[in-house]
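Both of the next two complexes hold chain A, though its partner changes from chain B to chain C.
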Partner chain A sequence: MRHSLASRWLSLVVLASLSCALVGWLAARSFAQDKPRSGGELIFVVPSEPPSYDAHREETFGVIHPLAPHYNTLLRTDPFDRTGTKPVGDLAESWTVSKDGRTYTFKIRKGVKFHDGSELTAKDVKASYDKIVFPPQGVASDRQGQYTNVEAVQALDPNTVVFRLKFPQGSFLSSVASPWNWIYKADILAKDPRWYETHVMGTGPFTFVEHVKGSHWVGKKNPNYWDKGKPYLDGYRAIFVKDSAAQVAAVRGDRAHIQFRGFSPAERDSLVQALGPKITVQESPWDCVLLVALNHEKKPFDDKRVRRALTLALDRYQGSQALSKIAIVKEVAGVVVPGTPFATPPAELEKLAGYSRDIAKSRAEAKRLLKEAGVPDGFSFTFKNRGIPMPYEPVGVWLIDQWRQIGVNVRQEVVEAAAYYGQVLRPGNYEAAMDFQCGYIVEPDLDVYKFQSKEISPANYSRYTDKTLDDLFTKQSRAQDPEERKKFIRDFEKRLLDDEAHYLYTLQWHRIIPHSARVKGWTITPSHYLNNQLDTVWLTQ
Partner chain B sequence: MSSVPRRIDDVAELGTDEARRSWLATVWEFSRRRPLGAIGGAIVLLNLIVAVGANVLAPYDPVATDYGAMLARPSAAHWLGTDAYGRDVLSRIVYGSRTAMLVGFSCAVLGATIGAVIGVGSAYFGGRVDLIVQRVMDIFLAFPLIILALAVVSILGTGIWNVILAITVPMIPRAALVSRSSALAIREMPYVDAARAAGFRHVRIILRHMLPNVMAPYLIMLTAYLGQAILLEASLSFLGLGVAEPTAAWGLMLRGAAVQFAESAPWMAIFPGLAISLAVFAFNLFGDSLRDALDPRLRTQ
Partner chain C sequence: MTKYVVKRLLLMIPTLVGVAVLVFFLMRVVPGDVVELRFAGESSFASKENLDKERARLGLDKPLWKQFVDWMGGIARLDFGVSMWTGAPIIEEIRLRFALSLQLAIMSTLIAVLLAIPLGVLAALKQDTWVDYAVRIFSIAGLATPSFWLGIVFILMLLIVFKWLPPMVYTPFWVNPVQNLAQLIWPALAVGYRYSAVAMRMTRSAMLEVLREDYIRTARAKGLWEKLILSRHALKNAMLPVLTVIALEFAFLMGGLVVTEQVFNLNGLGLLFVESVAHRDYTLTQALVLLVAAVFIFVNFLVELAYAWIDPRIKFR
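The block that comes next holds the complex of A and B.
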């Protein structure tokens, strides 16, 4: 009996030990999986190609995705922040702002080397920013207009750069964290400011290997990268594939790990269905939105009652629920991406015209406004849309259906994508037309700049002049206190979307990235221009 | 030889033997001799009836969305299922036939008629006029039908009337070529010489004495072009260059969400595809049989 008891105890002890060992092994394995692993080549699909290699002059993600890993910027957005709104140091290790908010001083990291072995200094930062802000004759700088507030850029010493502004600007740090502002080598720029259009030479985590047009782009690990231990990958290969079905097939067939721009809900579902646990899906509100521009120079759209009626007709919540199943749109939002610091809280948003959850009441009000404006029953107009299927087509169909609910008959005219801006929006050749806004970083200055009066903003396709709106833009831009800035943004939004209904917001785009579960260390953000340096990305076994 | 008129103005009396018989008997004779053509003709007729009576036959409003029934599979409520916006696929096919018939008939009639007038005129005048007209036609003929239609729609823009124009333009030179070859033989006929000698004006000779005699190839072209026009309209709409949403059109139903959801909601693509195939097949069958019936050489075989 005693023997039996001892044997039972022994069995228990052995079992407990084995259990502990198993738990420990599993924990260690799990920890090992979360710990970045070095090695491997990341393969990603790029649906576009770089027109040139110079990000200062280009505006397509086709440049950012394959080339960003070769460069650094002064600041960048935190690669692990899903809102894409937190500037952190990249080449700058610290910075200070003067009390009057007009002088920004950045300390540059020491020991940063270009891929040719030369050391990066403040001189290179100054030369790069001079090219962006004050481009020489014959050199294109696509975002020069966003830095008109910069008075001067100075290199005080090899490790200090100072930006002097004409007036305080709440968004300046975000502007410096722009993913387009790669730091180039000053000596090269001095010899030929257009050298970077055809060559690659930065300080980034990966060096350039080859670019075969129409096929692929290859980068390999920079062994002398200043951030020791990074990058984790041995290299990367960007493959250029325009057709979305072929992109999905590449991920499905394990010929690519990821595509950084985004897939449609149907494509996501087909990948999840095919690959199950081998696929990870990251989703986020996207800092892009389709808008309806109402031409104020054409009757009856010069009457704000008509414009308000058209926004009141939209059941955005039902639209969100339905369209998010078939298109890359989802969130009901105001002028700032939902979930980010300056976004309007949902309860406050519901107070705006067209954002109420009581759609019957909104539509009754819409009909009353149309009647009051003297618009006849069965009023009809032509809505011009851009010839791009996703998401222009589903959103266009939805809009027409919504307007039908208040007795407005709308005929859609689809204009070829390449000719759309030149033939429709810029010359004002429309009554109502689809417009588009997409930010490369979540920053109210960038998101609402276009809505200023037509004399200020050439992208104001509703073609109105509204000095009050211009004033509110300036106030929010210069506000130093975030709470004060929020208030001005709310006022701006109310005037733009409700009081005057200059523009109609449809639904925020929704970014969907289904990628191989082997890809780790990459966090989705609301912009497909952000987080493409790949220094934090690694692959599991 | 019976097709050759005996007097100058007896063109209208051509085929008087046939004219004496009732049209029902003619249809019966055609159906008995060419059953495939009769089936084609019946489908064409059905298409026409559906197009005309779409508002009575369609169970739902073709543009009414129902977001609660998106991508619903075929059921008692929606016989052919619903599309990505919850619109009834059957209703959109029924209304789509209206678009198809409107585009098909407009393009075929316009293309074949204008082409026939140009072709006969060119053959009648001959010489330099014929040379210049034919070279211009050759230029147009150098482009495949779809490419020329794409070019026209790119210049004019989308929309149903532009699509009709875009499809009609490339059909004209093809019709002109066929009509000219028939008219060249007619030009040498004594009754044309007689009309000239009698001092009739060119327009009268062309319209009254020559055009009626190219009726057989004209009718064949007409039916052949109907099918082609429907297919072209569907192709242009599929490419996003034809009619625009939310108008119901078969080609339009095949693009966008139909492609995206081809695996999970195949009915969105299958049924409009079937409608296009059936209509084109029917027009071609009917056209071929009509050609056989009207071509004297084939008739004797």
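The block that comes next holds the complex of A and C.
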């Protein structure tokens, strides 16, 4: 009996030891897999191509994706934060904000070198921001309008840069974390402010190797990078591929590891089906949305009852379920990307016109409003849509179907993409038209800027003047306290989408990145302009 | 002969000027411009003042006639200017893509000729037999199959069956022939098959016509060796219309393979053409149209010279 007990005890001890060993081995293995590994070349496809190399003047992600690894910005968004809303230091080691919220002082890292070996100082930061905020004659700065609040940029000493603002701005740190604001070398800009349109020379984790137009872009590891131990990759190669089927084939055929913009649900499914565990899928709400601009200068869209009726007709929840299977749209959202700090919670969102889950009640109200506004049953108008298949086409078809449910007959006219803004939206040549809003940083200032009165915002294609809305924009922008800012954003959203229904929000885009399971250290965010420096990215064996 | 060649070369100039006038004004009729597309687009911050400045920088604020005169002046000096979209010299933009397009056109033509001429001749010789029927079915299938669709089939087959995809970046033949052929053989096969179908049917019908000529009957009556009759008398004479078809197709391939280039992600002239139009890159589109027109004119000119070599009865005046 005693022998039997001892034997059992021994067996238990052995079993426990083996289990511990197994767990330890698995943990070690898992740790080894999660531990960044140096080496390898990341290959990614880019569906667009840089027109020039100067991010300060361009607006396509075709510049950001291949070129961002050559540069640093003053701040950046945390590369591991899925919301893309947390500014962290890049070239700035630390920063302080004055009590009145009008002076931001940034301490610049020491020992940062440009790829030509020269040292980066505050002078370079000032010169770069002067080019963005106060561009010299003949130099284009695409986002100059985002920095109208900046009064002056000063380099106090080689390691201190100060931004003086005209008034406090809650979004200023996010603005400085813009992925477009690459820091260039002051001496070069002084000689030729357009030099960076055709040349590359930054402080980033990768140095420039070659660009073959229409074909590819190559970068290699910067051995003198200031963030010691990074980057992990030996280099990267961006291949320009316009056709989406060819992009999918590239990932499927192992010619590329990833495409950083996004694939459609069908493309994701085909990759998952073909590659199984060799593919990892990351998804996120996308800081892009299709909107319906209702031309306030044309009857009956000058009547808010008509506009409210058109938004009340939309069953966004059912639309989300159906469209998310075939198009890159999904989330039902307000003016801020869902899941991010300033987003409206779903319960609160449901109180807005057109966001209620009781669609029968909403549509009955829509019909009543149309009748009250004197709009006859069977009223028809032309809806102009942009000639881009995904997701404009399915969303356009969905809208027409929804409006039909309240007795409105809509004819769709598709206009060639290249002529759309110049021929339709800007001149106001439409009754109702599809519009688009896409943020390069996840920040309410950027997301709602366009909805200010037409006298302020050239992108207000509904063509209205609403001083209350302008006032709310200013209040939310200047609010220093996040809770106070949230309240102003809610008020802004309610006035824009409900009270006045100036614009109709459809569905938030949904970003889908299926990539090789070998790619580690990259985190999806709601913006395809963010997180492309590649310093944290590594490849498993 | 020399007089004829010089005359034809000089006649190319008014043709090209005509093409230049047409493309210049047609591009201006198309709505939208490069500045609108590049800097306004979806941006919330684009101001009219900045757009006007950019237009002035590109010379788009000048009267149309002045823009045209400036452009023609540049062409006379062989200066095609810079791309309005990228700012790079147009010669450089085209040079990068020209090698690939030319190689693809040559490879497709070779495949087409190698398929079309033997099969076309065989079908004519074996008229109304199973051989003829088989060749005709093969050629009709080629005509009915778009080359881009065949390209997609090739890609899917390579991906699904062989788990392999052709390289996506062009490597010149002299740098790495294996890599180069691994990329270009598939589009060349897809394009060459359709191209061969046209030439095959033309070869067959031309051969049938020639084989019924009196001089063939005479040659046979003289007891000439059949192979000699076919190669020296029949095929040579049947080649005139076939040559025209092959040459025109070759010229088309230099800029017309838009979808095939897209499917195989080839950095060729066809895609550049489409992008330049989509971007309203006037200078680049104009230069590309001129280039393709020049290729067409030059290839036609070579065909006419070849006529005289193939058929000595043709005299140049």
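Here is the rule we use: the second predicted complex is superposed on the first by the 518 of 541 C-alpha atoms of A that agree within 3 Å, B and C clash if a C-alpha of one lies under 4 Å from a C-alpha of the other, contacts with A are read in each partner's own complex, and residues count from 1 in each chain.
The rule is simple: contacts are C-beta pairs under 8 Å (C-beta built on N, C-alpha and C of every residue); 3 or more make two chains touch, one makes a residue touch a chain.
Being a predicted model, the structure only gives us computed values, none of them experimental.
Trainee: Considering only the touch criterion stated at the top, classify A:436 as touching first (chain B), second (chain C), both, or neither.
Mentor: second
Trainee: Tell me which touches more residues of chain A here: chain C or chain B.
Mentor: Result: the larger residue contact count on chain A belongs to C.
Trainee: If we overlay the two complexes on their shared chain A, which of chain B and chain C does A:393 touch? Say first, second, both or neither.
Mentor: In the superposition, A:393 contacts chain B only.
Trainee: Touch test for A:258: chain B only (first), chain C only (second), both, or neither?
Mentor: A:258 contacts neither chain B nor chain C.
Trainee: Identify the partner contact of A:52: answer first if only chain B is touched, second if only chain C is, both if each is, neither if none is.
Mentor: In the superposition, A:52 touches chain C alone.
Trainee: Both chain B and chain C touch chain A; at which residues?
Mentor: 416
Trainee: With touch defined as at the start, can you tell me which chain A residues reach chain C in the complex?
Mentor: Within the complex, chain A contacts chain C at residues 51-52, 57-59, 138, 140, 142-146, 197-198, 212-216, 239-243, 245-246, 249-250, 252-256, 274, 416-419, 421-423, 426, 436-438, 446, 449-450, 457-459.
Trainee: Tell me, which parts of chain B touch chain A in their complex?
Mentor: Checking each residue of chain B against chain A gives 63-65, 67, 70-71, 84-86, 154, 157-159, 240-241, 244-246, 255-257, 260-261, 263-264.
Trainee: Which of the residues in chain A end up touching chain B in this complex?
Mentor: On the chain A side, the touching residues are 264, 266-267, 269-270, 318, 321-322, 325-326, 385, 387, 389-390, 393-394, 396-398, 400-401, 404, 411-416.
Trainee: In the complex formed with chain A, which residues of chain C make contact?
Mentor: 30-33, 36-48, 50, 53-54, 57, 85-88, 92-93, 96-97, 152, 155, 158-159, 163-165, 167-170, 262-265, 267, 271-272, 275, 278-280
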